[in-house]
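Down below are the structures I want you to see.
The same chain A turns up in both complexes below, where it pairs with chain B and then with chain C.
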Partner chain A sequence: MKKILKNQAVQSLLASLLCVLAGLLIGYIVLLFINPAGAWEAIVTVVKNFFYYPSKAAVVKYFGNTLVKTAPLLMCGLSVLFAYKVGLFNIGAAGQYVVGVAASLYLALALHMPWYVCLIAAMLAGALLGAISGLLKSYCNVNEVISCIMLNWISLYGTNLLLNNVKETASPYTFNLVNVNASALIPSMGLSKLFAGNRYVTIAIPIAVIVAILVWVILEKTKFGYELRATGNNKNAAKYCGMNEKRNIILTMMISGALAGLGAALLYLTGFEQWQCSQSSVPGMGFNGIAAAFLGGLNPIGTIFSSYFIQHITNGGAYVDKSMYCAQISDLISSIIIYLCGFVAFFKYFMNSAIDRREAKKAEKLARAETEEGGQK
Partner chain B sequence: MLLLIQYTLIFASVLLLVALGGCFSEHSGVINIGLEGIMVMGALGGALVMKYMPAGSPAVVMIFATLIGAVLVGVFFSCLLAVACINFKADQTIVGTAMNLLGVAAATVIVKAINTAENPDNVSATIQYISQKKAFLLNIGSFEFNWFMVIAVLALIFAYVTLYKTKFGLRLMACGEHPQAADSVGINVYKMRWAGVLISGVLGGLGGICYILAGVSEWKFENGVAGFGFLALAVMIFGQWKPTRIALAALLFGMFRALSNVYTGFSFLTALNIPSTVYNMLPYIISLVVLAFTSKKSRAPKAEGIPYDKGSR
Partner chain C sequence: MENPYAIEMLHITKKFPGIIANDDITLQLKKGEIHALLGENGAGKSTLMSVLFGLYQAEEGVIKKDGREVQIKNPNDANDLGIGMVHQHFKLVECFTVLDNIILGVEPNKHGFLQKQEAREKVLALSERYGLHVDPDALIEDITVGMQQRTEILKMLYRDNEILIFDEPTAVLTPQEIDELMQIMKNLSAEGKSILFISHKLNEIMEVSDRVTVLRKGKYIGTVETAKTSKEELSRMMVGRDVEFVVAKDEAKPGDVVLDVEGITVASKVHSNNAVKDVSFQVHAGEILCIAGIDGNGQTELVYGITGLEPLKAGKLTLCGQDITKAPIRRRSVMGMSHIPEDRHKHGLVLDYSLEYNMVLQRYFEPEFTNKAGFLKRPQIRKYAEKLIDQYDVRSGQGPITVARSMSGGNQQKAIVARELDKDPKLLVAVQPTRGLDVGAIEYIHKQLVAQRDAGGAVLLVSLELDEVMSLSDRILVMYEGEIVGELDPKTTTVEELGLYMAGAKRKEAAQ
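Then we have the complex of A and B:
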């Protein structure tokens, strides 16, 4: 039992579960304050999400919708995670996601490119934005958090400006992908049949999962990944060992950016959403990615599950009784979860020291018993 | 031209207040990324006070009540950062980011809950305070004077005097430079850092209410404060953590922000025919460029961002 508790992975899992439970509990308390009558029902609705529908076909279909939005979230989570492993906090996933939207939609709608070209363009756009933060960090010593935030806003306005060229005349939304260029839609390859004909379910979802596994392999099993992690743990030690720490920082930010950009393409090329060109705030996808990465214990495989969970409650928030509460209650819960993730290191330290103390006590008792026995003889 | 000065001064006031808040927190050794969240919560506190104050109350009462509301909520929210980062030694970046998200989400939920409780059909995230807002404004000719400009100057004087002329300020800065040394001469580092974060809560809250009052219409809480908390951090870095320089930096950044509101008033700018989005981007682009040139020889407090552990050496 103690051995299990000392295992790093088990500790991370326990910590994440604790964060989720505490987040839901605090969310419930907030609901109680707003209106005690429907609070329990509302929190159950958030957790149930698509099980809200009575018919089985609808449940499966809306399960598909949740998965469609999980794919980009997973990519944003991976983007944050990858940078964090190298000691960088990529809060710019949001902006890299936005330029991913711009590149993929502009190529699809204005230049009529097929989907794989758009996908790669989105990755390149994200990588380019990431590279700017990386360059500023390594050559000009600019804190990556601040440069990323500035780039988030710049890319939001830039995207609005660019996509204004491909928007409907009557509404602020971009053209519908199905009507303008169906070849830019990511193929479904029969996956949609599994989800009661939900045509938004495409190979984007398996692609996201494969990328997650790839990220794990790169970080844990290759020399390149080892070098990156070494740079993250101690920049000076890595430099001393002959690793090029400046190159590593820039490369990391590029890869992170590419991941977030890919995420945007995986969502927008399904035709599930259109970009609103009058958008005045950076979409929350990139920020939720931070929640997904930390809740997943900073492990790519864990992030698959945590990003699903976050998307699950975000979608669930849409079903709460609007006469009493608003959908943002799930944003509140996920931000509380990120806040609590800050305590994970302390939690692990606390658990380890508690186990150590108990073991020390036992060893001491054993030793005392032995000496007493020795004295009697 | 007058309009440009007016907007420059009001946006500079916001940036100055918030950047000074960040300055106190960082001098004590805690990086406060959560300023944006503190601003939103402070704005919420002030706006709620304005909503529930009777419309006919005298301007002085209205101003002070609003300020106290904003400060109280801002300080309360900054406690979240202090507890996590000082007592539990959490990662300051994660906690700060969580606070930014939490601030916007919590404010939206609270405002919408109040609106729906009053009228089930009202799902907007705005608070009505247009008539109450007039207490803060004073028209001098065509120039709209805002009391926050005075408050910002007072905050600047307060910050300068506290940091450089009092025992408290010098001790606070010692905790950000070398906490072990400060501890060895009997300064309680934890208390000092708490003080730094709470002062940033006060100033952040004030900056928040100032920000939403600077706009012409009512503020939608879902939008947060559009990266102003981070712009303020850029102002602070550009000002090299020194109050007087921060004030000059705030004026510069405030001017670029103001340009996006009033550029149509200048015939040579409209003649250039640049889309308005470019003006919206301007403050962020300028701050990136400025940071690229000033961060190299940064005079940041040495121990900022590192949780203080009594046992470590």
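Then we have the complex of A and C:
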């Protein structure tokens, strides 16, 4: 038992679960303060998400919806994770995600390209944005966090401008993909049937999982991953053994950007959402990616599960009784939980010292028992 | 009768994954004595001291202070009991002054306002009393390692610690500073402080300690009185065999020029002057050329320039006939340059990588370890690492998969030396290659360096250790304030003469 608890992987998992529990608890307390009458019910609703529906078909269908939005979140999580392994904090995943939307939707709606071309374009756009931060970092020593934040805003307004060309006249939203260019929809290949005909469920979901596994393979099994992690762990040693730090930083930011851009395409090319061209804030998807990466223990496979969980909570928040709580309550609850997710490291430390203390106490007891025994003799 | 022991560590056992670092070890420290702790690399010395200082919790055993059992759960507990420690790697805040570092955490205050004057007086009084010269207002990053160490010692004294632990304090000091430290330790013990002292240098132990406790592979071997023992006996207790202190080597047979350094100048990071000023020399195949000098006279920057870690401001470098003045580090390495770096944690290792990954740090990209598709060949890496571990006796808890961070300082060093020597370099740049190694390991590494030389390799050795310089080198260049001030032949020079050159009291133009 003790051995299992000391295992690194098990610890990460437990710490993540603890974070989730703590997040739910604090969320519950906040709800209690706002309106104690419905608090318990509300928090249960958040956790239940699609189980809220009585019919099995509906449950399956809305489970599909959660999965559809998990795919882009997973990509953003991977984007953050990949850069983090090299010691970079890619807060620009949000912006890279946004240009991914721009590229994929513009190609789909204005140029009537098929889905795979749009997908690749989104990756290229994200990579390009990432490259800017990478270049600035390696050649001008501009902190990537600063340049990324700036680029987030530039890309938001640039995207609004560009997609204005393909938006409906009466609303701020872009055209519906189904009506304009159905060939740009990511194929479902029968997956939608599994989810009670939910046509948004496409191969985007398996693609996302495969990419996560790929990222894991690159980081753990290849020479490139070896170099990247060495650079992230000890920049000086990487330089000492002749690794090309500048090139690696730029490449990393490009790959991170491509991942986030791909995430955008995996969502928008299902037709699940349209872009709102009057949007004045950067979508939270990229930022939630940070939480997903950390909650997933900075492990690509772990991130698959953590991003599902975060999406689950976010979707569940939508079902909270709006007559008792204001409309933003769902965002508030999920943000609290996501925020707590960042504390994985802290929980790990806390757990370790708790184990140590227990052991010390046990040893003390034993020692005391022994001396008493000795005294009786 | 009064208990003569200040600290007793009885039957201490501390385990780490795959290894028992301390196996039923007993150590008794008398009041007012200097007690040396001796043992091979990885014997468990640092671990034992960390248990005493509350950094680790022992699984078994008790600690007694003045005969009374105590619990030391963290360094604060240790501090409350009057136990202080100078770590192998100092723990000072670089951008603070000496004074601020000393009072950090125990700042005297009145109604919440800092009373610095009071602290300054106390520090100055202490520094006077024990001969610990520091400039209270200098920034840590600007002072020498020796003064940093005196700051660490003052930090302990300022907290009125009675039991002082020194973990390999002399590994980073110059010979002059070592002499000073020995004197300081003697003063401290004369004042009634009890001192625990870890060192691999038997001369120091013989000079300063009252008693010595020897550990081997985590086990307690014995405690002896220094006056009744000898260097030879101590090393036998420690490694279980006789150790040769002087390397046996034949006359060097210098061959072609391997490295040609022509008038190189390297900028300094700390001041606006150049750290290396127009330095020229040649290293030949089959010789060990040593750069001697007091720490901080440009040796570090010279090596950075040669290995490519820093760009040259002027001058030309030629390796085996090819111009490498502007060559990237990887190219130099592939051409046959190896580099044992001065700072093993900063440059030498990726501490969070496993030992096997660190072993291939210079070669991971070779076809032997990476296939055409860019995947690492794990089984080959494992096999190669196991070979080196075996050959160089690198000890660790879990072999190739041990995380480098958890290895003992000396074994980390051995891993680096193994990696760099096994590349079979044409030119080996070795900076303090035996820093922190035990006598047995030093003997082995010295033999390897000589073997490297005899096989026709060129060795550029940078060392602060005069014994090492005198016994290993075929030629000595002395560096002073960024210039080569003399070339000496170790066979005809005395240590005293070398010392004069190093201090800048004597100079002659280096013969080219």
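Structure notes:
Everything below uses one rule, namely that the second predicted complex is superposed on the first by the 325 of 377 C-alpha atoms of A that agree within 3 Å, B and C clash if a C-alpha of one lies under 4 Å from a C-alpha of the other, contacts with A are read in each partner's own complex, and residues count from 1 in each chain.
The rule we apply is simple: a residue touches a chain if its C-beta (ideal position, glycine included) is under 8 Å from a C-beta of that chain, and two chains touch if they have at least 3 such contacts.
Remember, predicted model here, so these are calculated numbers, not experimental data.
With both structures placed on the common chain, the touch criterion links A:Ile336 to chain B but leaves chain C unconnected.
More residues of chain A are touched by B (comparison of chain B with chain C). Legend: residue contacts after superposition of the two complexes on their common chain; A:Asn143 is shown touching chain B, with no touch to chain C. In the superposed model, A:Lys56 makes contact with neither chain B nor chain C.
In the superposition on chain A, A:Tyr240 makes contact with chain C only, while chain B stays out of contact range. Judged by the document's definition of touching, no chain A residue lies at the interface with chain B and also at the interface with chain C.
For chain C in complex with chain A, the residues that touch the partner chain are 57, 59, 73, 307, 309, 328-333, 339, 341, 346-353, 357, 361-362, 364-365, 370, 374-376. Chain contact summary for the complex, chain B toward chain A: residues 33, 80, 84-85, 88-91, 93-95, 97-99, 101-102, 104-106, 108-109, 112-113, 116-117, 120, 123, 222-224, 226-227, 230, 233-234, 237, 275, 277-278, 280-281, 284-285, 287-288, 291-293, 295-296, 298. Partner chain C is touched in their complex by these residues of chain A: 221-224, 226, 229-230, 233-234, 236-244, 356, 360, 363. On the side of chain A, the complex with chain B involves touching residues 30, 34-35, 89, 91, 136, 140-143, 145-147, 149-154, 157-158, 160-161, 280-281, 287, 290-291, 294, 322-326, 328-329, 331-332, 334-336, 338-339, 341-343, 345-346.
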